[in-house]
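Pasting the structures here.
In the two complexes that follow, chain A is the common piece, with chain B as its partner first and chain C second.
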Partner chain A sequence: MTFAAARAILRKDLAIELRTRQSVPAMALFSVTVFVLFHFGLDRNEIDGSLASGVLWVTLLLATVLAVSRLFAAEREDGALDGVLLAPIDRTAVYLAKASALFLYLVLLELIALPAFAILLLGPDLTQALPELLAIVALADIGLAGVGALVAGLAAETRLREVLVPLLLLPLLVPVLIASAKATKPLLMLNPAATDLGKWLGFMALYDMVFVLLAVAVFDFLLED
Partner chain B sequence: MYGKGLRALSIATAVVLTGATALIFFYAPLEADQGIIQKIFYVHVPLAIVALFGFVGGGILAIKQLRTRSREWDMRSYVAIHLSLVFAVGALITGSIWAKASWGHWWVWDEPVLVSFLIVFLLYCCYQPLRFSIEDPEKQARYASVFAIAAGAFVPINFMAVRLATAHIHPRVLSKTGGSLPGEMRLTFLVSLLGVGLLFLTLWKVELTAKNASMKLKKLRQRLEAGEAPATPLPEPAPEPVGTP
Partner chain C sequence: MTENAIELAGLERRYGERSALSGVTLNVPAGATLAVFGSNGAGKTTLLRVLAALLRPHAGTANVLGSALPDEAWKVRGRVGYLGHDSMLYRDLTVKQNLDFHARLHGVAPEKVEEAIAAVGLEHRAGDPIRELSRGMVQRAAVARATLHDPAILLLDEPRANLDPAAAEALEPLIGKPSGRTRVLASHDVEHALAEADLALGLKAGRQVFAGKADEKQVRGLYA
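Up next, the complex of A and B:
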């Protein structure tokens, strides 16, 4: 029941995204712009190591903010949230649908942003470490999507929405940034070094689990009345 | 109800804090290579620990709020978080002073307590803006509680992440905050921790009492304005003493 409702909401969100294209293209364009900014800001043509992984992950986090602040836009603008809330479904379905939509947006974003990063800024070859990188990206995306959908729900009905989303989301994502940047750093070095990939993947899995379970537990209390 | 025991608690706080100050300056030995500035440790670390527990406690009180839907638990959670924010500012400032004195920099990125606190502090700084940008009081309590729970769970996880990222670079931190303190220092530290913890509880109770009293006053005013002017001077003697004795 919950999952069927979640699938329906997800399908609706993806259909809207396919037709209006308001989130993913904006995120992709934004990240390419930020790479250009970093090129001039750092005055570097090629970066590697901790600088490269930092630039990559900070950019992805900032792009996430864009999607999170638009996540409930369709519901809010047309008063459609009332319709969703009137439907006899669990609020958890709304959370699961929104988090999955955000996860898919992030995957699409990375399909564009990672190659763009490799072409524009990255010194070492990205393909040598692709499997490890994909594992990091997958776990990080679950965390970003899980926390992002919760923050979107929290901020959706406040007056300070545009300000609150980045201010709430970015500190909450610091552990993801720490783990993903630390795990990615050795992969992007000119001379790949020993990694403690396992430690960071384990930590991200723990973070993902805690926050997704927590969000499922408390999301019922948002979007009431 | 809120005012009860406040006097005893305040006296206990004052006594323990005075005792802690005496212990800090006259009992605890001077640290060999840092000198007098190391004494700030007895303020900084208790502040940090109490603020941390206050944040997590605010989250636990918020769970109670969501369960019972009562405004009282929301107020308790709000005051706990609000006070923890003040204590966290204290922890950040004292930590910064200590860092400047012992390492020569106002800010040290490889001190996990300090860094975690900055992140937690930045997150909790959004608590009040989030809260007060929602007008409906019932909804405000609910949203604030959801935030408090998520943020309360975030505190230990964030701590873990920062510690994982720094532990192997800067191992002396572990020995500084942890087990290898000499006996006199350990006792002084524990008394300071107790004192700061009691201070937190007292302030929490005072603020709750004040908020409760002003809410009752507001209700009485509303009744008065609504024309329910009582025949007797006041409706009834207040069932329990409100406010500081």
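Up next, the complex of A and C:
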């Protein structure tokens, strides 16, 4: 029943995003704008290594904040969240649906942001590093989505959510930023070096597992009065 | 002996330091209609939200359909239909998409959605987003949402708001006396609510002024 309810909520969220196009286009536009700003701000046509890795992941992280702030936007209008809470469902379903929606938004964002990054800023050829980069992106996205949905639920009913979301979310995502940037750095060097990829992927998998389990355990209480 | 659908004893609910409900004690037999009266801010909506298991009582006991709140709230959810000030519908989804969504959450067969839309007379607007409907139509869609899962208890907060007389009449089988459900009706329409009610509850600043049988003079006194 939990998964059926989660599927129903996810389908509803995707239908709303498809109709309003409020989250993914904003995230994509934000990311491309930041890449353009870095292009001019650094006064460099090409970057590589730790700088490229840092720029990429900080941009994706900040774009995530936009989506997290809007994750419960539809529920806040006309008491729609009450309608969901009145249903005989496990409230974990709401978390699973919101985390899945955020994960899909991130995947769509990266389909636009990664090529834009490669064109606007990156020196080395991205296609060489693609298989490893996809593994890093997948694990990072699970972490961003898992923690993002938790924070969105926490801030959903608060008046200061615009402030609260970045203040809570960004510190919690520091481990993801460190791991994904460290794992990505060797892949974006002009002369690829030896990597600790396995170590960082393992770290991210552990982070994802801990936070998703924690969120599943506490989300019910977050939506309680 | 008629079983009670709702049993409240010394019910209290606060918002911070402010008491929104205090000492509410009454029983509502199954199938009966309770009308709740009180001026703005008297605690009517708070009472309905407690009964819907959306708010936790802070003191006293609340028993709904044999389940104690808040501990057994999960048993109550899905057995009450709540028609509040807000439609609880998604503005960017169509009437049909909204009801399909609620049908999935409540485990209601998909074909019931068409019946619910027809019952509120919105067949011709089923494919329109909620944001494009008039307020009266939104209220009709909200009635369809609140009754879709055939709830045992209906919690109605100004249910006739935004409805023209013909629409209000047409919705009587769903939310009126003929529905046969236990109903808690919060309304400022004293005459209509008293005509509908088997029992009345008067609230003033969250405190129970009267409970049980009430006459119009007593109710009008609340608004004086």
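By our rule, the second predicted complex is superposed on the first by the 224 of 225 C-alpha atoms of A that agree within 3 Å, B and C clash if a C-alpha of one lies under 4 Å from a C-alpha of the other, contacts with A are read in each partner's own complex, and residues count from 1 in each chain.
By definition in this document, a residue touches a chain if its C-beta (ideal position, glycine included) is under 8 Å from a C-beta of that chain, and two chains touch if they have at least 3 such contacts.
In this text, all values refer to a predicted model and were calculated from it rather than measured experimentally.
In the superposition on chain A, contact is made by A:Ile16 with chain C only, not with chain B.
Of the two partner chains placed by the overlay, only chain C lies in contact with A:Ala5; chain B stays clear of it. By the touch criterion defined above, A:Ala73 lies against neither chain B nor chain C after alignment on the C-alpha atoms of chain A.
Using the contact criterion defined above for the overlaid structures, shared-chain residue A:Gly83 touches chain C, although it does not reach chain B.
Contact with chain B, but none with chain C, is seen for A:Lys182 once the two complexes are overlaid on the shared chain. The residues of chain A shared by its contacts with chain B and with chain C are 224-225.
Chain C makes touch with chain A in their complex at residues 52-56, 74, 77-80, 82, 84-93, 97, 101-102, 104-107, 129-130, 145. Those residues of chain A that touch chain B in the shared complex are 150, 154-155, 157-160, 163-164, 167-168, 171-172, 174-175, 178-179, 182, 199-200, 203, 206-207, 210-211, 214-215, 218-219, 221-222, 224-225. Looking at the complex, you find that chain B touches chain A at residues 66, 119-120, 122-123, 125-126, 129-130, 133-134, 139, 142-143, 145-147, 149-151, 153-154, 157-158, 160-162, 164-165. On chain A, the positions that touch chain C within their shared complex are 1, 4-5, 7-9, 11-12, 15-16, 19-20, 74, 77-80, 82-89, 224-225.
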